[in-house]
Amino acid sequence: MSKHHSIRFGRRATLGLLGAGLAAPFIRPAAAQAAWPEQTTIPDILKGSGEVRIAGFGGTMNEAQIKAYYEPFEKISGIKVRAFPGSDPTKIKAMVETGNVEWDLAQLSRGSIMNLQKRGDYFEKIDYDIIDSGVDPAYRFEYGLEMLVWAQVLAYRKDLVKGEPKGWADFWDTKKFPGERAMYGTTSGGFPEMEFALMAAGVPPDKVYPIDIDKALASYEKIKKDVIKWWDTGAVPIQLLTDREVAMTTVWNGRMAALQAAGVPAEISWSQGLSKRDAWGIPKGAKNKANAMKFVAYSTMAIPQARIAFAIPYGSVNNASNEYIPPDRLAVLPSAPDIKKQLINYNYDWWIDNREAAVSRFNKWLLS
Amino acid sequence: MTPYLLAAPLIAFMIAFYVLPVVAMLMRSVSDPSWTLQHYAALPDDVVFLKTFANTFYTSLIVTLASLLLGYPVALALVRAPRWALVILVLIMLPFWTSVLVRSYAWMVLLGRHGLFNEALIAAGMIDRPLRILNTPLATQIAMSHILLPYMILPIANALRQIDPSLLRAASGLGSPPWRTFLQVTLPLSMPGVAAGVLLVFVLALGFYITPAMVGGPREITISMLIAQRVDQLDWAYAATLSAVLLATALAIIGAFYRLPGVGNAFRMNAR
Amino acid sequence: MAAELNAVNGSGRGASVLLTDLEKRFDRTNAVDGVSLDIRSGEFLTLLGPSGSGKTTTLMMIAGFETPTAGDIAIDGMSVVAMPPYRRNIGMVFQNYALFPHLTVEDNIGFPLKQRGVPKTERTKLVGEALELVQLPGYGGRYPRQLSGGQQQRVALARAIVFKPRLLLMDEPLGALDKQLRENLQLEMRRLHADLGITFIYVTHDQEEALTMSDRIAVMNDGKVAQVGRPEDLYDRPCNRFVAGFIGESNFLPAVVRDLEDDIVVAECEGVLVRALCPARPANGTKVTLTTRPERLRFADTLNGHAPQNRMSVTVTEAVFAGERCRYLLRAADGASIVLKEPSSAAIRRRQVGEQAEIAWSVADTILV
Amino acid sequence: MIGTRILPATVVGLILLFLAFPILVVIVVSFSSATYLTFPPPAFGLKWYDAYFSSADWLRPTWLSLWVAGAVVVMATLLGTLAALGIARLPRAARVVAAGLVLSPLIVPGIVVAIGIYYAFARYGLVGSPVGLIIAHTCLAVPFVVTSVSASLAGIDPRLEQAALSLGATPRGTFFQVTLPLIRPGVLVGALFAFITSFDELIVALFISGSGAVTLPRRMWDDLRFQIDPTIAAVSTLTIVLTVALMWGAHLLRKRAERQVTKEA
């Protein structure tokens, strides 16, 4: 029974892992209506034999990935895919250190991968020779390749908020938009949304990084008493909106569509949101490293990237994907051109170097 | 020799599969990155740690008191009302079978400003505007008490069951009114059970994490959350340090309690 | 030696038990401190003493639940110190019955038979006989909790004798029962003892019970045997103040030895000379204590010619009528308090408080301790 | 007079309501037609039960959890009962050490246990298999067995064991014919707790069930992190129904056994 109180709630809600939860059963019937694009050929270099063991986040995310690229890859490449749930940087660390590398590929975030890499050699380098040219250079890095785009944005209840809040100044303005707020906290490995605090204080989106922690905390101070919950996992703000506990909150975009489909009058305001990404990383010493590389290359091609968006509202890292996605679907993806330009790119590099300081300063401020 | 032989398989099993792994993890508090006590030395100046520790203690204390106040009458009923014993027992045990995650969501649904509780109070005309309970420390205390109540009830019921009924008859035979019999006979004799329950609930409450995170107030951070944060940041030395402190605290409390007469004996949890 | 005794007694049904310098230390205290006892075959011996006197510890050592720190226990001439309890073949009845709550009466009584591999049909027969013996026929199917205290005690007894042990140990077996029931069961145990002819070792702190039931009593105090003897010997000839005080009521009077006549001591007590029996030969001038039983004292004027040798003048300070007898508290010349119990009779005049009187008693009832 | 009876009954009733109400909410929500958790539900239906029973993704973890928990019950009850018997007879100092060791899983934070066990089990080659789960869960379940059995043992009159020995039962015979039947309720309660401990364990399972050995709590977790739909309420309700049925069944069996005895007598 001791585990009841020790369940790690947001253990994997770290860095890019946040993306996992966007795997809501996003209007599954609707997704099935439109015809999914099919990839019919691949370069021979991506073909092979044997297997590749891929760790994802399980649940509906896993279902989406199976349909979007695990099954097609098996068919077209001859490499068998075995999917595991529960990807987690702490496990990668333990696996590599004990030499018991169970996975050939793991869904993580650039932050998790670089943070581990900073402490030792935990990942294989990515072979960019075989990566599709459509993959935006912004998503490429030495020890991993980003493969899924999602967003951390402002959401509000239309029946509790009059007008359309746009950006963080509005979120902070509790006179113009009265009502309780909720924001992402640090409780179990979360990252304070200092970017939002800075933009609320008037810092232009392109000047947010490097983050001025003092300034961010001073800005937070203005909204502290209105934030009734510092949430630590994606389900909480959704439930808070559902129950009318808050008028406005930050959310991960994935679950919002399902909420709207269920009839809750909630809306996303994309403006000044953060664009975050999940990435593939190959654990050091993976047995099927070559197959993993092939799969990374395949899954970031335009069509597989487009297919995932049919199952869940995630964006693509491949610039060519958008043409395979129907416009009405594209309209809810963070990678849609209209939305992408409203978002700012989350700076993993700054957070890797400053996470501990930022989090402990935030903790101290919160408790003061 | 036989007692040692009987205990040996379990002790060996636990040393191999539990103690060594956990000790290895805790050792990181002094061996990471090199042999040092700096992680411990830094704690007294660590404001976040101190406040969190105080908050965790305070919450555990409140929850223990609440569980005691709520648990004692139920334990008494369990023992004194044999006809209802099974029903009461089932109601006590039910929460055990419901995932804590699920129960926390149930509390969110119940305690919210538009939740059942507030709606009922408003409908009854007792309040005009909804009370804020969810996302406050009170919600944490309610939900944690709910989870831990069985751990209080069972030891107390055990102690009550062992009281010789003839003592109670004797007391009432001597003209003692029921409340005085309770205060002078039942309560003192059930103290070992109370102590065991208090100990168990307090120690378990120290490690809570998920419930405060889900239903608690904006400034509630517990030691376990802090540990989880640091594990996530791959700062395992600090996580191990906090774990060791939590463990030492729990052990110290248990040690202090074990000195009380009868507690060791009453540290039991059988339902019947 | 025990074997010899056995041969002398000629009884094969009961075991003889010989305790030699038996000792049991717990931490620093000697619970049993050099007990030697020679218990004859077929005897009903009671270990009597206040709580903490070592009687139960002695019994537990005989049963095999405690190992002696020193000394020896021999049953029928064979040392059993190294023998585990389950091989000693001793029946035992415990204070709180110790019936197995999960077994029926039948299974409880059949338990020792089952351990000995007695086949089921035989077992049923023997259990039935045992139930007859303790007058509980037809109770075999019940569980202990469905029986009264007295019934449980009978079942415990049946269970302890059903396998025909040669020695039966009983640890305050009647302690938890009410007075009426105790007295019934005391008689029943005597009867059983007579019928079975096996050796009984009985522990109690109740002197009346000990006196009623035992062939011999070993009075224990502070881990030692204070005196062993037949009930009447202990009562009439207590050899020390503890025994005199523990068994029955006694008057203790300070005295000084003045003369010796054969086996009789003449002592000065409360201003008069009193004669007392004494096995020892104390020198003149020795300070001693005389004991007498209150019921052996008489008011001299009620004695119709019969003239005990010891006499003394007293004042009545308290008079209590207690049904079958009257109890007087008297003050002697030098101020000692004396209790006198007189059988009540409408024919005898009751004394008043403040009245002067002379009391008398026989030399045989006066012991010097 | 009436007040002295009704007032305590009301208080106890309210406390029991407090215990039961969240569970009732879970049960009601499991019959909800809504796709999110809300109470009271807008309408009722069985769609979440349908979702559960028609999904191998739910049924497979259920079976795995059931048989892992079953194995844990066997291991923990066996090891724990033996140890409780031994610990009770140890000298004081050894007893305190052994008890501290056995009870420690109650107080070590789960995350520390999980990481520690992961490292060790990786070395032992136990990660990713049900065997590893069973071993780890056994460690976590054992304290409940030991405390429960110890309590039962402490409640046994030592004279019963002495009586058995005096009646000719060997120490072995005494154990099987007297001690064991007497501690059976404690053993059963311990076994029950062991089952729940394993059946509801998440944190260690998250770490060491790696290679596809997905247990039910873990499956719930994967679902719960980001979406809250009533399937988990349906799963919880099924567990509750099963438990109540088991407890009631045991009660009826005991009742019947007692009634038979009374009839014979």
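Structure notes:
Letters A, B, C and D name the chains as they come in the text, with residue numbers starting at 1 for each one.
Everything below uses one rule, namely that a contact is a pair of C-beta atoms (placed from the backbone, for glycine too) under 8 Å apart; a residue touches a chain by one contact, two chains touch by 3 or more.
Keep in mind the model is a prediction, meaning the values are calculated, not measured.
Listing every chain that touches chain A and chain C alike gives D. Steps from chain A to chain D, taking the shortest chain of touch contacts, total 1. Averaged Cα coordinates give chain A a centre that lies 36 Å from the centre of chain B. Annotation: 55 Å between the Cα-based centres of chain B and chain C. A separation of 17 Å divides the Cα centre of chain B from that of chain D. In chain B, the residues that reach two or more other chains under the touch definition are 96, 100-101, 105, 108-109, 115, 204, 207, 224, 228, 231. Multi-chain contact residues of chain D (touching two or more other chains): 37-38, 105-111, 113, 115, 119, 144, 193, 196, 200, 221, 224, 228.
If each chain is drawn as a node and touching chains are joined, the picture fits none of the line, ring, star or complete shapes.
Pairwise chain contacts in this structure: A-B, A-D, B-D, C-D. Chain contact summary for the complex, chain C toward chain D: residues 63-65, 84-92, 94-96, 98-102, 104, 111-112, 115-116, 139, 141-143, 146, 159-160, 163, 169.
Interface residues of chain B facing chain D in the complex, by the touch rule stated above, are 2-11, 13-15, 17-26, 70, 73-74, 76-77, 86, 88-103, 105-110, 115-116, 146, 149, 158, 162, 178, 200, 203-204, 206-207, 224, 227-228, 231, 236, 239-240, 243, 246-247, 250-251, 254, 258, 265-272. Partner chain C is touched in their complex by these residues of chain D: 157, 159-160, 162-171, 173-174, 177-178, 181-182, 261-262, 264-265.
Every residue of chain D that touches chain A in the complex is listed here, in rising order: 34-38, 57, 105-111, 113, 115, 118-119, 122-123, 125, 127-128, 140, 144, 193, 196-197, 200-204, 206-207, 209-212, 214, 218-219, 221-229.
Residues 1-2, 4-11, 14, 89-90, 93, 115-116, 119, 185-189, 224, 227-230, 232-233, 236, 239, 243-245, 355-356, 359-360, 363-364, 366-368 of chain A touch chain B in their complex.
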